[in-house]
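Order of writing sets the chain letters: A, B, C and D. Residues in each chain are counted from 1.
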Amino acid sequence: MSYSSRVETLNAAGAQACLAQAAAAADRLGLSVCVAVVDQAGQLLAFCRMDGAPTLSIQLAQDKAYTVTAFGLPTAQWYPMIADEPALLHGIVKADRLMIFGGGAPVKAGGQIIGAVGVSGGTSDQDGQIAAAGAAAASD
Amino acid sequence: MSYSSRVETLNAAGAQACLAQAAAAADRLGLSVCVAVVDQAGQLLAFCRMDGAPTLSIQLAQDKAYTVTAFGLPTAQWYPMIADEPALLHGIVKADRLMIFGGGAPVKAGGQIIGAVGVSGGTSDQDGQIAAAGAAAASD
Amino acid sequence: MSYSSRVETLNAAGAQACLAQAAAAADRLGLSVCVAVVDQAGQLLAFCRMDGAPTLSIQLAQDKAYTVTAFGLPTAQWYPMIADEPALLHGIVKADRLMIFGGGAPVKAGGQIIGAVGVSGGTSDQDGQIAAAGAAAASD
Amino acid sequence: MSYSSRVETLNAAGAQACLAQAAAAADRLGLSVCVAVVDQAGQLLAFCRMDGAPTLSIQLAQDKAYTVTAFGLPTAQWYPMIADEPALLHGIVKADRLMIFGGGAPVKAGGQIIGAVGVSGGTSDQDGQIAAAGAAAASD
């Protein structure tokens, strides 16, 4: 019987690639955002705040990235999943660092989540688009 | 006049029995969950995270078990109780560690709550079913 | 250039093996302790509180295990490392969850830390001995 | 009478310059560290965790940078300042996020602190050296 498992996790170079592509996507949209990149376990790897991004977004971006690795879904999938379940809608939102709107995207390799990108500063759709662009930079 | 009372509380052996039955119930449903067992005072007795369970569930499972002992109800009974009372619905959910959806079940002996099982990782219905199976292992 | 790394991490079966051996070691010493087992990233995998263990130990055991994975050393090595550096001795102890006395031991495979065992309830020497016995159960 | 003041504050480009020089200094020392850069108000601008840096350092690096802007001194100056004042030595260390050992360096322009660099992962001397190298990249 095996007592351990092998997991693939995003590294520093991958995180830089995500940051660069996310910032480029934000520039194309004319937006200033915060971008956070976490490893497979949700631990911070890299972060940047573009000039003009709201400081409220500093933590939100990190929490979005964390949420992706902690539950395995893009953050934009949370609200549709709980919209018709009022107990969850009212009750799970308080879970520590859980973000239920767009802006968190998984970085994937071989079908597994190896990290995540979280973006805050635009609308949730814009944040999600920027996060996806960032995540694509290190996904296979 | 007596200055003290006797409380019955789940012990380590009881907690292991709960964990085992909860894990078996999760296996029957094909789910990977976190299971927490607390004593009569809501203090952690035992915990296991099955391979593949979301890490977001680590705290949720513990909070569900805590909620049961802290108020004396299965967590699934909270939302129906407050759904038509907006002040509570919006106002009490922020209470520290309060979970208002399924997945927390009391362990009972002689009609008293002696501990609780909290489960997270499936839907709230599935979590509630697994928690009940776990709690039954140490209830009379 | 590679954007990810492979890490080995303790799984649920390994965590159970650690718990069982730690509990057996505590029994041999006639002690009641809390034992926590975390994965490579410091996230809780398994926990048990033996009957009679202090409830203060519930969190301490978890923090000891976390400390091992967060810095890569057995907790017992912290105090000797900072004893002659008063700025650290006074200043780093406040780091969130950092435990600087015995009771946290790494689980290792192939020379890498894949998880950790944290024990609280005895003296720090006893806790360290129990943690080491637990960690050995899943180390190569 | 003027009702407002002008503050100079590090921007995103300055933060990237600091990160790059800090990482280069860490490489020269053969160390893996976390580096955080904050603006004049102590708010996170940029962060990177080098491969192999301890995860305990994620928060420590940020707290060191914060401490610099929150009080106006390099973190290494704190311990000598309070070493002979036991009330402070025992009493102020608990201040939220205050770090009293090396690794936090101010970024200065025109004699003013416009931001800070915090480093964690080596000894406090090494961290301080790396932070100073990073801060120099955006100081005049």
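Convention: contacts are C-beta pairs under 8 Å (C-beta built on N, C-alpha and C of every residue); 3 or more make two chains touch, one makes a residue touch a chain.
Just so you know, these numbers come straight off a predicted model, no measurement behind them.
Trainee: How many angstrom between the C-alpha centroids of chain D and chain B?
Mentor: Chain centres of chain B and chain D, defined by C-alpha means, are spaced 44 Å apart.
Trainee: Need the CA-centroid distance for the pair chain A / chain B, whole Å please.
Mentor: One centre to the other, that is 30 Å.
Trainee: Quick one: chain C and chain D, Cα centre-to-centre, how many Å?
Mentor: 30
Trainee: Going by the contact rule already set, what residues in chain D reach two or more other chains?
Mentor: Chain D, residues with two or more chain partners: 51, 55.
Trainee: Which category does the touching pattern between chains fall into here: line, ring, star, complete, or other?
Mentor: Its topology fits none of the listed shapes; call it other.
Trainee: By the document's touch rule, what are all the touching chain pairs in this structure?
Mentor: Per the contact definition above, the touching pairs are A-B, A-C, A-D, B-C, C-D.
Trainee: Spell out the part of chain D that touches chain A in their complex, as residue ranges.
Mentor: That would be residues 11-13, 15-16, 43-51, 55, 58 of chain D.
Trainee: With touch defined as at the start, can you tell me which chain A residues reach chain C in the complex?
Mentor: Chain A residues touching chain C: 1-11, 13-14, 17, 39-43, 109, 114-115, 138.
Trainee: Using the touch definition up top, name the residues of chain D that touch chain C in the complex.
Mentor: Residues of chain D touching chain C: 51, 54-56, 59-60, 76, 78-79, 83, 89-90, 93-94, 99-102, 124.
Trainee: What does chain C use to touch chain D in their complex?
Mentor: 5, 41-42, 67, 69-72, 85-88, 90-92, 94-96, 98
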